[in-house]
Amino acid sequence: MQPITYDTASAEVRAVFDDIKATRKVADVNNFWKHLAHDPRMLRHVWESLKEMMGPGALDPLTKELIYVAVSVTNGCEYCMASHTAGARQKGASEEMIREVYAVTGLANMTNRLANAYKVPVDEAFK
Amino acid sequence: MQPITYDTASAEVRAVFDDIKATRKVADVNNFWKHLAHDPRMLRHVWESLKEMMGPGALDPLTKELIYVAVSVTNGCEYCMASHTAGARQKGASEEMIREVYAVTGLANMTNRLANAYKVPVDEAFK
Amino acid sequence: MQPITYDTASAEVRAVFDDIKATRKVADVNNFWKHLAHDPRMLRHVWESLKEMMGPGALDPLTKELIYVAVSVTNGCEYCMASHTAGARQKGASEEMIREVYAVTGLANMTNRLANAYKVPVDEAFK
Amino acid sequence: MQPITYDTASAEVRAVFDDIKATRKVADVNNFWKHLAHDPRMLRHVWESLKEMMGPGALDPLTKELIYVAVSVTNGCEYCMASHTAGARQKGASEEMIREVYAVTGLANMTNRLANAYKVPVDEAFK
Amino acid sequence: MQPITYDTASAEVRAVFDDIKATRKVADVNNFWKHLAHDPRMLRHVWESLKEMMGPGALDPLTKELIYVAVSVTNGCEYCMASHTAGARQKGASEEMIREVYAVTGLANMTNRLANAYKVPVDEAFK
Amino acid sequence: MQPITYDTASAEVRAVFDDIKATRKVADVNNFWKHLAHDPRMLRHVWESLKEMMGPGALDPLTKELIYVAVSVTNGCEYCMASHTAGARQKGASEEMIREVYAVTGLANMTNRLANAYKVPVDEAFK
């Protein structure tokens, strides 16, 4: 499917694009939104969720981007790795921080399977 | 398989258990290590990797625990969710921080699939 | 590995190719079968399973294709997304239907992780 | 974490619970919502997304529930399998329909990996 | 759903149960087959596929069981881990062999994510 | 990120590269190591783990490579499929052996989901 650009977008889609651009202070939305715009309802729901949850909260926005990278690497989503690694860099992540995300993600994927394999029971102290 | 406790452990395993206890300042190792001890070589490799990578670095140890939680939730590893959520709390995570990890993990798993589905091409700006 | 075309196929593989073409009323089999033909036993087992299970039954063939798309998107299998989305269109799926499959798949991947994270116990009413 | 019941819920959470009960014509919300209520923002976002996307559209609500089951089985989410299988039955799914969802989900998970393994290139006709 | 036992099975299901018992030289089929029997067509397809593919071939049956364990651990399928680990032991696997399967599975899950994260291009020599 | 070649590597990275080359009797390390070298600590940990665990043990090195292929196919890691299939061929795997790995991996991914779907309880005999 072709991406939906601002020029070709419906008023409903444009309103979301405008909000993304204003919120993120960017000149244009990235490809994810231009493709998701084929489904204006999901475009709105996903944007409203990300807008509220990815901003400052109990966790800072950079930490949230790093978590996004870790999940995307686990799932092998190439687009998401690229966009959220870029997002993390923009929010101040150093190359070393990104590499540590990769390292922890790799280790967690290993120990998740070892815990499965050995059927490790949850410690009383963790309950 | 039964867990291997300190009393029944070989000298090789005890050495790793001792190092875990000393490094983490805990009275006993948790169940993961007692089960992984059935494979003394992996016990050593996993511990040495975690010891070096999960400590302070470009990212602080709490952020690393939160990433571990996100990956474990993605993979559905119950033991790992329990142990790393406990680890995060011990390192100072509030309940609100943990809930934001859950939220971001859920959102990332959704948008990872939407990016797959729409075959979104990576933006030039992300390359 | 190179695909196995009808001309180069063994009699055993040709028999399956012939059955696929006759069943689906197509001039040629698609790439999946030409590659799987390297393993004539699996070619036969997979074809016989799909032939029986993907046809009309308690669910209509279109619904089955949509389920196939949802699983393939979840697993990030690019070939399978492409072939089963094409199959769904051929069986009458509109673009809106396909986009709703994508939306539901995304939402399910999110709530699956939220259910994991919050360790939600199964309601009595669901047992 | 303990579930949040209507009695103990904040006004913000109660408003969502009320909307779920009114929309679904049920006496109480199920456990998923009572646990997700620990994060009122996600409670609202997830509910608003599901409310709009899981209702009638290009696909009927039953087909959407079946897709939800297929994704949940693929990810091994026990709670989600239970709740969406119950949802599908309530919307009219027969046991045979549910078993066909299981069958197609199993087959798709197999052929997804065979397509990966043989690196099958996407057919021109599917592009 | 309740398992379908030999006594309550249809003739079609009994024929498959008889073949499993004769092929594997066992007194009764295991729970997997008793549950899958709710779908007699899949029961037959899955059994015929496993019967042909899990027996001696280019790989010996024990190696195939070990691969089954590795996949099941990766996917976190508790039943499948239990049944195929038992199958491997029955075919002669030592505890050390099983632990090495676990180790390799853990390592592969780690390096799979590191290869994703670093977007490692395939070496010319591997093409 | 650009790969780190021997010429541009630090002494710490070179030491690992030298050990890989000596252990595997190869003229150069493959791309995985050249990229992972951006994180010298993980480079060392991953190499030390693989060096010890992938060599001869209770399982022979070829069987271990085949297990690696099965996990990589399950996870859809293209690089890992390519490198470990090449590794398996180099250790003597025939094309038929590799195809049987693919077949078993596909079947396991199917039956893993069927076991999930039917919530099959673990047989007493497997405990």
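Chains here go by letter, A, B, C, D, E and F, matching the order in which they are written, and residues are numbered from 1 within each.
Quick note on the criterion: a residue touches a chain if its C-beta (ideal position, glycine included) is under 8 Å from a C-beta of that chain, and two chains touch if they have at least 3 such contacts.
Remember, predicted model here, so these are calculated numbers, not experimental data.
Colleague: When every step has to jump to a touching chain, what is the lowest number of steps that links chain A to chain E?
Modeller: 1
Colleague: Could you see whether C-D or A-F has the larger number of C-beta contact pairs?
Modeller: C-D
Colleague: Looking only at residue numbers at the chain C/chain E interface, is the share used by both copies over half or under half? Answer same or different.
Modeller: Both copies, chain C as well as chain E, present the same residues to each other, with over half of the numbers appearing on both sides.
Colleague: Taking mean CA positions as centres, which chain lies farthest from chain C?
Modeller: Checked the centroid distances; the maximum from chain C is B.
Colleague: Report, in whole Å, the distance between the mean C-alpha point of chain E and the mean C-alpha point of chain F.
Modeller: Taking the average C-alpha coordinate of chain E and of chain F, the gap between them is 20 Å.
Colleague: For chain B versus chain D, what separation do you get between their C-alpha means, in angstrom?
Modeller: Roughly 28 Å, centre to centre.
Colleague: If you average the CA atoms of chain B and of chain C, how many Å lie between those two points?
Modeller: The computed centroid separation for chain B versus chain C comes out at 35 Å.
Colleague: By the touch rule stated above, which residues of chain D touch at least two different other chains?
Modeller: 38, 41-42, 46, 49, 53, 74-78, 99-100, 102-103, 105-107, 109-112, 114, 116, 118-119
Colleague: Which of the residues in chain D end up touching chain A in this complex?
Modeller: Result: residues 41-42, 45, 48-49, 52-53 of chain D touch chain A.
Colleague: Using the touch definition up top, name the residues of chain C that touch chain A in the complex.
Modeller: Residue list for chain C touching chain A: 76, 95, 99-100, 102-103, 106.
Colleague: Over in the complex, which chain B residues touch chain E? Could you list them?
Modeller: 38-39, 41-42, 46, 75-77
Colleague: Spell out the residues on chain B that touch chain C in their complex, using ranges where they run on.
Modeller: The contact residues of chain B facing chain C are 73-74, 76, 78, 81, 102, 105-107, 109-114, 116-119.
Colleague: Where on chain F is chain E touching in the complex?
Modeller: Residues 1, 30-32, 35-36, 38, 42, 46, 49-50, 53-54, 57-59, 63-64, 66-68, 70-72, 74-75, 77-80, 82-86, 94, 96-97, 99-101, 103-105, 107-112, 114-116, 118-123, 125-127.
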